[in-house]
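Naming follows writing order (A, B, C, D and E), and every chain is counted from residue 1.
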Amino acid sequence: MTKEERIENLNRLSGTDVRKCMKCGKCSGRCPAFKEMDIKPHQFVSMLCNGKIDELLECEAIWNCLSCMACVERCPRGVAPAAVVEAVRDTVVRMQGKNGIKAEEIPPIVDELIPQQLLVSAYRKYNK
Amino acid sequence: MQEVTEKKEFTPTIVAFCCNWCSYAGADLAGSSRLTYPANVKIIRVPCSCRVNPMFVLKAFQQGADGVILCGCHPGDCHYVTGNYYTRRRMALLYSFLNYMGIEKERTRLEWVSAAEGARFSAVMNDFVKQVAELGENKRLTDLRVKEGE
Amino acid sequence: MLKIAKERLNELYAKINESMGLFIPVKKAGEVNYAVWSEGKEVSLETLKTVKSPKNMFFPQTENMMKFKQEGKNIEVVDVRRDYVEEGKLFVLFGVKACDYKAIEVLDKVFLAEPIDTYYQNRRNATTIVTLACSRPEESCFCRVFDIDATAPQGDVTTWLDNEYLYWQANTEKGEALTALVKDLLEEGGEKEVEAQKEATKVIIDKLPFSNLDLSKFQPENLNELFEAKEWEEMSEACLGCGTCTFVCPTCQCFDIRDFKTHEGVIRYRCWDSCMYSDFTLMAHGNSRTTQMQRFRQRFMHKLVYYPSQNDGLYSCVGCGRCVNKCPQNLNIVKVIKTLGGKDND
Amino acid sequence: MQRIGVFICWCGSNIAATVDVKKVAETIKSEPGVVYSENYQYMCSENGQQLIKQAIKEHNLTGIVIGACSPRMHEATFRKAAEEAGLNPYMVEIANIREHCSWIHKDMDEATEKAVILVRTAIAKVKLNAPLQAGESPVIKRALVIGGGIAGIQAALDIADAGFEVDIVEKNATIGGRMAQLDKTFPTLDCSACILTPKMVDCAQHEKIDILSYSEVEDVKGFVGNFSVKIRRKARFVDETKCTGCKICMEKCPSKKGLNTFNMGLNNRPAIYIPFAQAIPNVAVIDPEQCIKLKTGKCGICQKFCGVGAIDYEQKDTFVERQYGAIVVATGFKPIELDAFNEYGYNDNKDVITSLELERLMNAAGPSNGVLLRPSDNEHPKVITFIQCVGSRDTSGCGKPYCSKICCMYTAKHAMLIREKYPDTQVNVFYIDVRTPGKNYDEFYRRAVEQYGVNYIKGMVGKVYNENGKLMVQGSNLIDNEQITIESDLVVLAAAIEPEPSVRKVATLLTASIDTNNFLTESHAKLRPVESPTAGVYLAGVCQGPKDIPETVSQASACAAKVIGLLVKDKLKTNPCVAMPDENMCNGCSQCANVCAYGAITYVDKEFRIGGGKTEIRRVANVNPAVCQGCGACTVTCPSGAMDLKGFSSKQIMSEVEAICKK
Amino acid sequence: MKDVELKMLERAKALLQSGEVARVIGWKKGEFCYDPAPASFESVEEMENGFVYNWFCGANLSKYLIQMAKKEGKTAVFLKPCDTYSFNQLVKEHRINRENVYVIAVECLAKLDVEKMKAKGVSFITDVEVVDKDVKVTTAYGVETLYKPDVVLSKCAVCTKTHQVKDEEIILHERPEREVNRFEEVEKLEAMTEDERFAFWREQLSKCIRCNACRNVCPACSCVKCVFDNPASGIAAKANDDKFEEQLFHIIRAFHVSGRCTDCGECSRVCPQNIPLHLLNRKFIKDIDTLYGEYQAGEESEGKTPLTTYTEGDTEPNDVFNGEAK
């Protein structure tokens, strides 16, 4: 997959129109995991918009995002930063091949603050 | 012998009646906003949607139109106070009746488009053209004589 | 005399249809009218009166006369007439009753007289007429008044129908040619049955209420008196001015010429018109007949006085009774004849 | 024989870039009836019009078709040109090959083909056009201004100064509007009352101005030059002619717990009240929802104390009907409701307020007499955080998609005023963009930052929450790429503004078009910004779009100029494209009158010849061309087709249909 | 029936004799028992010679009043229940001056359709007698009994109408109350697919000969000049032959009378090709009832029709198909 295709793919996967972002930063203003994220929610939108996806694909933030959807809820422009995070996460997982996620791999990469619901949904999603 | 197999894609003929004050202005706005819609949509300017006589709709079909769309101000916003309320009743009954006669309901449409809704005008036209194109040529309400010699 | 079993009639139609166009009474949506035959259509020879008469065959309700093709600022006139005989395209008109056959004679006098109507002539020449005798006339029939024998109509071929057979007798060259075409399907016989049927039918015709109408008053010399008759006012009072009587009439021959705009230019066509209509013979100055009474009078005066005075006494009514059956308000020519025709009507 | 001339405009490259204009002009030459076909860079230019006029004369044209921009743009221009060349102006048709063709299609062949069809369609129509003569209707030399805010006041004063009578209809008990609620005004920090109240007084004293306060427009009939307006004068239960504004009733009224709406509900007022000290008219009004006498029949204290006997508990709504030549709509705005924005905690925390509430808190006549105290505990706030764009530029559905335009400036004003009056206060402003186009505007904002040390933070607030009595404002600082939480004493929300909701009813009555945000639509965004598409109706202030005071005043004066321009005329040309019955075919069935919104159709008995030298009397329709607006509703309801519309006749429209469908 | 006829005759004669009315509009004997024609009677003699009221007096006399009521003196008219709706509608449209008309409401226990009888195989009819639901037909070929509901006019089959206007009434036999759904046939068509409906109407309308009987008999089609006769209308036509013309004619006609059609059923009665034209008008009536509330044209002699009024919340045309709002 070329970079352009990957960008297009990320846009499609996220289902959100990143060009609608007016760069107000409200998403990051509300993000409960802001401090843990090396790339902030608003940057996800901005970087996808600017095609800086290599950084996104290598970042840690995708594993720290809680998928709490606060950013989606608050965005005045109907952009869904969490969906972009999700799209990057999916892409990374798919790039790793069909390994998915194994139950024994979960404990080291998460801490006990992560909601149980998220674990279940993540497991269902990545373990196919 | 080489056969010409190039198939011409069906482009429907669409007649759009637009009221001068809202929908025609909406179409103008679509134009000045460079919002495209297919060229087979041709607009006829009428002062108010209530000027559109069912005879005009039938005339369009007779002459080979594949779809007829009528656009006016949103109910309550009619430049002539109540014109579009009458339009709404007339067309509701006419469209329903045409369908009762077996005319495909997808060929007729009424949309309220304000002067500020250029984007909507374009979206409505794109959608209607697509809908009529999927349906194909109007064969049920056309007058074969007009196409003689084609 | 030849005959063919009723259940084989479809074979007969199919055979004719192989080389000729066949027009025959066909039932569609409950009503019987002449139409082009094709396999599967419901032929109804038993129907006494088709709604429209067979005149439609030679004088269609609408007929293109010419076209004007427009290209830029140029106009080309296109002749759309077809000489069917020349093209070898021939037709058979099947099942014509005696009255309707007589009506064609009335029309011939109009359309085939100079100047000849070539549209009519082209169709007429290309057509072989097969008539069918009546066996069950009804109360609205009065062809006998016009010296028509419903039991033995003329035509290129005359046929009779009973419960088992259609009997066939060629009268003319055209008729012989058609007989030759279908001879494999026909067998000899039937003279006796036909005679019996004729006799039986004549008995009924004698009993018909209108069989003895008195037309004696309808003479050219009485034209003015008839025209001025005060009874027209009353007779026409309920007339709606619709064209039903005219359009079901086998002898009405008036038409209007109109233009139709096409994508390429104009089609000039003619279509039946009715003297009952308020815009009939509309001219720039207005209309010559402004009231429904005048229009009503025109129609019957034409049938019973004007036409015969110009055609050796031939009435342009054949007593088919369609108007009697179809007038929405039950007005008809019989009432006119009874009112103005002569003393013996009382 | 028709002699049609066709003129195809390039509109520079606007049309010519996508439509092969030369080919269109050439193709059209072979159309029957067309004797002249030309193309030119700018048909609407002086030279272009000259070309048209010359062709009309030289080629003896009987009708012309212009392939150009929308008829809504230049139809009048070309009609005038035709008239100057001696051709009836209604023998002109426009084929819209710009907005409806060149601008929306990209493919040259496709656009050219469509342009040809559009021109042919216009030719088909113009061939059936008939010369029309515009009629005349008188102009009533009186104007109505709906709304008594600064826009309405300014428009009324300007019109009255030109010598015309003006009525101001204001739904509240006093004129003054939103501006009366403001403390200071940007960018010069004048006291709002100081500059507004003299104008209010001027209005009250102007012999040409009649203020109908506490009144609403109930019904509008008629048309430009001749509107008939029914106005409801709501019962104020106080005789306006007797009340002296002494306020004794306010002191004595026992029911004092009403929310003071003028102060944004931040304090209370009695049931009988004068909205504020400088109210015009300075007359009390009783709130029937709150008045004990009106609710229970017992009390009547104010009546007892009123020295002039002005109190009248029996007063009922009354109606006045007046005639006007022109109407100015100046209905103003209100801040949006903030229920959908619970992240800012407006409903849960007394100390989260809107900017308009802050205006009242800082105003000397406000609930705290100009001392800035926070509502919860009347303490001086030490840290004040402003949040911009609350509900503005919001496409999520909670707020408004547009920029409210005034918030950046008034927030800078607030910040500056606070820092000046209370230098120990820390002021933070969360912003997305600071928008300051306008004379001395950016300088004003920069002063707030540079001179007054206001802390502007680029970023948006995600949440305001209460933690141990403190307001925690959590948001992003995008420049530093960090998330911050500011402990604040007072949070001020720059709530989006929206048109006053009553504008919808006014728009419907006036048949003025309105957009999806309830702003009234102007006739042309650039060239006719103060006129509604409905002739004789003009727009001033925020009812047309967000704007600040200087802009509002400019627009109001512009409106006034338009109104004066209309009222100085004695007669107006009327639209000749009106309905016209063919009496010979009319049945007199009354269907047409049933659908006529203007009452333009009446019936008369007429004698007709029916042939045979006889006549009959028939009832037939008669259209008053000065009243008919030409909508065509009657034409469709007429079963016999007797009713037709001039300029848009059935035959014309059907020939357009034919031309379009022709392959 | 004979008793009713006698009573009518007696009343009409009295009215003429007293000079209260100048003429009476009723039915006149025809050539057979089944073909009475509308007629006006100006004297007692005329009444005695020709007046008839029998099972075949289906014609709606109200339209004749447009002309008749313009004449000198008052005109008396016999109106069956269904006819009174047309009368009211014409008064509403100012086509008849109510003052000039004396309405005698006459009973109707449904009228017979001679075409339907003939279609059952009887011909050469000489006499018809009705006893309850039996129609005894004497013909030259014998006597046959037909089941009345099979041979009544289409309009009578679903009639529940009552007199809406009367100056006096002649009702000797009460019509039994009954429950009918007059929209049943319309519903059947609605239940078909588009293709089936198209085929149905195509077949029916292809029979049309454009004789204009439906239009000319229709009390709602009272135009001084019909659009189809007016070359200036842009749709004038006489031609029947192409499939479009009949559709155009019947659609426009149905639209023009929508909201005004009282469902008197005359169009179907007079059609020489027996096209069920009432099903066109009845569709409009059904849609109006469903979308805008039940409305029966001709119940009142003033006010607006459903198409000349509106409510702000009317259903959108795109949402209305097959008589149902989405």
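Methods note: a contact is a pair of C-beta atoms (placed from the backbone, for glycine too) under 8 Å apart; a residue touches a chain by one contact, two chains touch by 3 or more.
All figures in this text were calculated on a predicted structure; none of them were measured in a lab.
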Graph separation of chain B and chain C (steps between touching chains): 1
Mutual neighbours - chains that touch chain A and chain B alike: D
Contact-richer chain pair [B-E vs D-E]: B-E
Longest centre-to-centre distance from chain D, chain (CA-based): C
Chain occupying the middle, per Cα centroid: B
Cα-centroid distance, chain A relative to chain C, in whole angstrom: 85
Distance from chain E to chain C - Cα centre to Cα centre, in angstrom: 30
Chain centre separation (chain A, chain D; CA means) in Å: 45
Multi-partner residues of chain A (each touching 2 or more other chains): none
Residues of chain B engaged with two or more neighbouring chains: 54-55, 59, 63-64, 76, 82, 86, 90, 145-147, 150
Chain D: positions in contact with at least two other chains: 595, 637, 650, 654, 658, 661-663
Every chain pair meeting the contact rule: A-D, B-C, B-D, B-E, C-D, C-E, D-E
In the complex, chain B residues that touch chain D: 13, 15, 20-22, 24-25, 27-32, 34-37, 39, 42-48, 50-56, 59-60, 63-65, 73, 76-83, 86, 90, 114-117, 122, 146-147, 150
Chain D-facing residues of chain A, complex: 20, 22-31, 34-35, 40, 42-43, 70, 74-78
Residue numbers on chain D that touch chain B, as the complex places them: 70-73, 96, 98-101, 103-107, 110-111, 113-114, 117-118, 121, 507-508, 511, 513-516, 521, 533-534, 577, 595, 597, 629-633, 635-637, 645, 648, 650, 653-654, 656-658, 660-663
In the complex, chain D residues that touch chain E: 582, 584-591, 594-595, 603, 616, 618-619, 637, 639-642, 650-651, 654-655
Interfacial residue positions of chain E with respect to chain B in the complex: 186, 189-190, 194-202, 227, 233-235, 242-245, 247-248, 251-252, 254-255, 258, 280, 283-284, 287-288, 291-292, 306-308, 310-312, 314-318, 320-323
